[in-house]
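Going in written order, the chains are labelled A, B, C, D, E, F, G and H, and every chain counts its residues from 1.
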Amino acid sequence: MWQVYLSGEIHTDWRDQIISGADQRGLPVTFSSAVTDHEASDAAGDSLGKEASPFWRDHKSAKVNAIRTKTLIEQCDLAIIRFGDKYKQWNAAFDAGYCAALGTPYITLHDADIVHPLKEVDGSAMAWAQTPEQVVELLGYLTLQQ
Amino acid sequence: MWQVYLSGEIHTDWRDQIISGADQRGLPVTFSSAVTDHEASDAAGDSLGKEASPFWRDHKSAKVNAIRTKTLIEQCDLAIIRFGDKYKQWNAAFDAGYCAALGTPYITLHDADIVHPLKEVDGSAMAWAQTPEQVVELLGYLTLQQ
Amino acid sequence: MWQVYLSGEIHTDWRDQIISGADQRGLPVTFSSAVTDHEASDAAGDSLGKEASPFWRDHKSAKVNAIRTKTLIEQCDLAIIRFGDKYKQWNAAFDAGYCAALGTPYITLHDADIVHPLKEVDGSAMAWAQTPEQVVELLGYLTLQQ
Amino acid sequence: MWQVYLSGEIHTDWRDQIISGADQRGLPVTFSSAVTDHEASDAAGDSLGKEASPFWRDHKSAKVNAIRTKTLIEQCDLAIIRFGDKYKQWNAAFDAGYCAALGTPYITLHDADIVHPLKEVDGSAMAWAQTPEQVVELLGYLTLQQ
Amino acid sequence: MWQVYLSGEIHTDWRDQIISGADQRGLPVTFSSAVTDHEASDAAGDSLGKEASPFWRDHKSAKVNAIRTKTLIEQCDLAIIRFGDKYKQWNAAFDAGYCAALGTPYITLHDADIVHPLKEVDGSAMAWAQTPEQVVELLGYLTLQQ
Amino acid sequence: MWQVYLSGEIHTDWRDQIISGADQRGLPVTFSSAVTDHEASDAAGDSLGKEASPFWRDHKSAKVNAIRTKTLIEQCDLAIIRFGDKYKQWNAAFDAGYCAALGTPYITLHDADIVHPLKEVDGSAMAWAQTPEQVVELLGYLTLQQ
Amino acid sequence: MWQVYLSGEIHTDWRDQIISGADQRGLPVTFSSAVTDHEASDAAGDSLGKEASPFWRDHKSAKVNAIRTKTLIEQCDLAIIRFGDKYKQWNAAFDAGYCAALGTPYITLHDADIVHPLKEVDGSAMAWAQTPEQVVELLGYLTLQQ
Amino acid sequence: MWQVYLSGEIHTDWRDQIISGADQRGLPVTFSSAVTDHEASDAAGDSLGKEASPFWRDHKSAKVNAIRTKTLIEQCDLAIIRFGDKYKQWNAAFDAGYCAALGTPYITLHDADIVHPLKEVDGSAMAWAQTPEQVVELLGYLTLQQ
């Protein structure tokens, strides 16, 4: 059973496509990811007390979220790191660097038009995919029972 | 002697300000960074043969650059990671994640208006500075001889 | 399934509150901790022979207890470290430092009036909670199935 | 040349006694420690901007201080960890746990009346000394040239 | 249950002999290996887009295959590394070096006539076997229940 | 479930006493050890071909045995290391050093008359027991469910 | 100052070309390698006593050589791994695997006609060079002082 | 410059022979070892206070000595581990196991008549020497400047 961490963009359904694609093929893969509900994620630290400063509210939530993401990334065998066409997405690049330093293999998933700014992130990746279908195809190959 | 790695933005003179500020105060710090000449960096792999595909040209150069950056980051005691107001700067966020996984402390250097998209990167940082002067001030404190 | 280690104060029922709170919500969490029976813990080494010197009796018991605590801390995904209002509780701070060096995330649980002397311990924590209910709330968030 | 980190109490002159004792005997030892000026240490993060909340002021300073202490502890061959008769001193116990997890040997330095509450900290120590002179004596033995 | 990785030659049935031999003896061993279908392996990256350059086609496939092999080697308790009498088989020697650096024990499986060129690879091995039967015999011994 | 490795003397029934003692108390512990049949152990490498030189016969068998012992020691949570009153038993002291370097806790089991020559081995141990019953008692304490 | 390890082929003067090229450019690089005198290397263990069996003579020498090569590879920042057009050169591929597992970057140096059998070795490399001049060029770039 | 740790027997002059042999040949090697004055070593902890129990006196001294030996072993590139014909010498076997777990190469130095009881220790060694001259010869080879 392979553990695959899905990092990055939360505004399209790429996670669902990969999960259902793997499910349809019966692949021996389990998936994990950060909490992908944007509002819940931003409010992750609020239950510990409200903050007056936006910086500290973000800081507190980011650290709570990091308990989860750090643990799941360290447990995974492979990460898929998705860059969409909107927002800064620095957290996705951060996760890629985290994987690279751990020696955990990752595959990037993004369109061709952002190849140049992603060159360092792709340079440490094991593969670059452009569609969720390609990722499912790779997962099928990687987990092939002989 | 502290080894400090300077990562990120290459279009303003923040590196020079930190280096000369530390120099003026006689701090026991040496600095390192990626090759910061943009064109030379993009062409880092060209001496190994030209590539027809832009992806592979970028890939080859990114990997040559990674020999340098990976080595210097692994040798440093502290990284300063700068985000400016232009470009994607995914390599800076990648370096931050790399430091985080290694347990190497880093300080971010950026304006207040990008606090929210940088919350995961700041969440793992040891400090957030807004000016090169603040970084020099911190370096003075950190290397204080008693 | 998350492994959560509960470190610190043994004179109030904070462990029970967290365990039963997690149980009521059906969270995928298992808990571990040191032997929390104070007398049994102080006598942990007595079965190996009585000691004349209080120092060596303590030493022998401390090392027996460390077999258990070290093993459980190294296996856990997350530690909750509780500081009450009595005693020195250096073992709780010791466990926090141990987690920090391992890169294991921990959450502190203490009242606001000891924020200043705990600043180094809180500085390396991923979160500071003031009540067991807040810890249960966080565990619910961290283990959210999407 | 041995690197020795001096952790703990900042209100008596035990550091000076060890340093001058080692100096008088010409021992091949260099010493390091946290910034020991109490006010400067509490204000370590102030240059990055004032905080309204005492918790976040402490937090910011603690993280700046941790850049220094973490780096110096990871570089040392041996730590001396001092517990005095005042204050909570949780940071000293935290440093002891940090050393224990790294496998870095440490020696505790404290009076006999706190042996029991320090049993876990002493249990992972390589030695317990009661006076700075004993520490100097040990350093002389440890660095003996044959 | 022992995890055994089978590396190297894909043109004879040595893997099947070991697996069926272990199966007949009911040994508590599971086996893993690279994708051993030569054509599928060379084409591992093709689903991500065709490459004009043979070097980059090979490169892309090699990295996809490395996701699998690296993960399985890091999970195994023991590797069997087979050198046949044809081809360069540099990947088998690469896997041996990878195991050596990880501290993972490996057994080589090859004929006597290539002892000299394999001396470095054998020098770091825990044993040298000449037949699959010998490997099965060793697995039986290693997993003996007493 | 704790994994306990039993190292050392193979000429008395101390292993059986510990295993049956743990079994009678229903402790959540599994045990492992080297192959304890002396002749089989000395002959561990013979199936790979006979050796003319006694040194190389021993060497070959020692390395085959090390595949097993190294793997089981690295998997265990705790080792019990037994020294009897006969033979050199350097392999037991070797296993103790191996555990010490890994940070794996171990308990020594030996009579009082060899305390002095075992002082380095005991110095890195977490406890010294004199009887198998004491070991079972400790295992009961260490695995206490609260 | 960068430490560069030169691994592989010992029958052409590629090492000299790189060393003198770096020397002429005054690069801050020091080089190391295995003992490259073929006969001396094969005889590395002979001073410990002659062996009747060719396997054990090779084995003894290989392990003596490994003391040197393992130490130098673990100390280097970068390895250059050369494959010529003769011999099996499994030791070069072994060194590449060793570097890969350590996370030490390496550059391969070989002609285009062996790209396919080297695809796994190249797949984990940071660059592929075809001439010693290209390697010197890269070293100049990597060690650029800004 | 190679760091070589000399472990084991303290009743013959093998250390002096190796050190003076290396000195005469001008080898780039520095040597370290435990405190080899038997009485001083047994009394290493006495300056911290006398102990009534022989076990605790030994324990205290063993731990003080371990600060030195552990540090020097972790710093060395190579250990020479000597077994003489007297005493139990479990500390030498302990050091060998410690080196093995760290991946630090070691060479054993002992007569042929104890080959069998040392088979596990020799099995993890990189070489077995019978005389100090052979060790010096190996050091000369290992540090050869080309």
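Here is the rule we go by: contacts are C-beta pairs under 8 Å (C-beta built on N, C-alpha and C of every residue); 3 or more make two chains touch, one makes a residue touch a chain.
As the structure is a prediction and not an experimental result, all values here were calculated from the model.
*Asks:* Which chains does chain G share as contact partners with chain H?
*Replies:* Chains touching both chain G and chain H: F.
*Asks:* Can you name the chain that lies farthest from chain G, using the mean of each chain's Cα atoms as its centre?
*Replies:* In terms of C-alpha centroids, the chain at the greatest distance from chain G is C.
*Asks:* Looking only at residue numbers at the chain E/chain F interface, is the share used by both copies over half or under half? Answer same or different.
*Replies:* Different: fewer than half of the residue numbers at the chain E-chain F interface appear in both copies.
*Asks:* Averaging over Cα atoms per chain, report the distance between chain A and chain G in Å.
*Replies:* 37
*Asks:* For chain B and chain F, let me know how many angstrom lie between their CA-based centres, rounded off.
*Replies:* 49
*Asks:* Return the distance between the CA-based centres of chain F and chain H, expressed in whole Å.
*Replies:* Comparing mean C-alpha positions, chain H is 23 Å from chain F.
*Asks:* If you average the Cα atoms of chain A and of chain F to get two centres, how far apart are those centres in Å?
*Replies:* So the centre of chain A lies 44 Å away from the centre of chain F.
*Asks:* Where in chain F do residues touch at least two different other chains?
*Replies:* 63, 66, 128
*Asks:* Mind listing each pair of touching chains for me?
*Replies:* Once each pair is checked, the touching ones are A-B, A-C, A-D, A-E, B-D, B-E, B-G, C-D, C-F, C-H, D-H, E-F, E-G, F-G, F-H, G-H.
*Asks:* Going by the contact rule set out above, which residues of chain H touch chain D in the complex?
*Replies:* Of all residues in chain H, those touching chain D are 33, 35-37, 40, 44-45, 47-49, 60, 63-64, 66-68, 70-71.
*Asks:* Sort out for me which residues of chain C touch chain A in the complex.
*Replies:* Against chain A, chain C makes touches at 2, 77-78, 105, 107, 126-130, 134, 137-138, 141-142, 144, 146.
*Asks:* Under the touch definition given earlier, write down the residues of chain A that touch chain D in their complex.
*Replies:* 52-53, 56
*Asks:* State the interface residues of chain G toward chain E in the complex, per the touch definition above.
*Replies:* Chain G residues touching chain E: 54-55, 58-59, 61-63, 65-66, 83, 87-102, 112, 114-124, 128.
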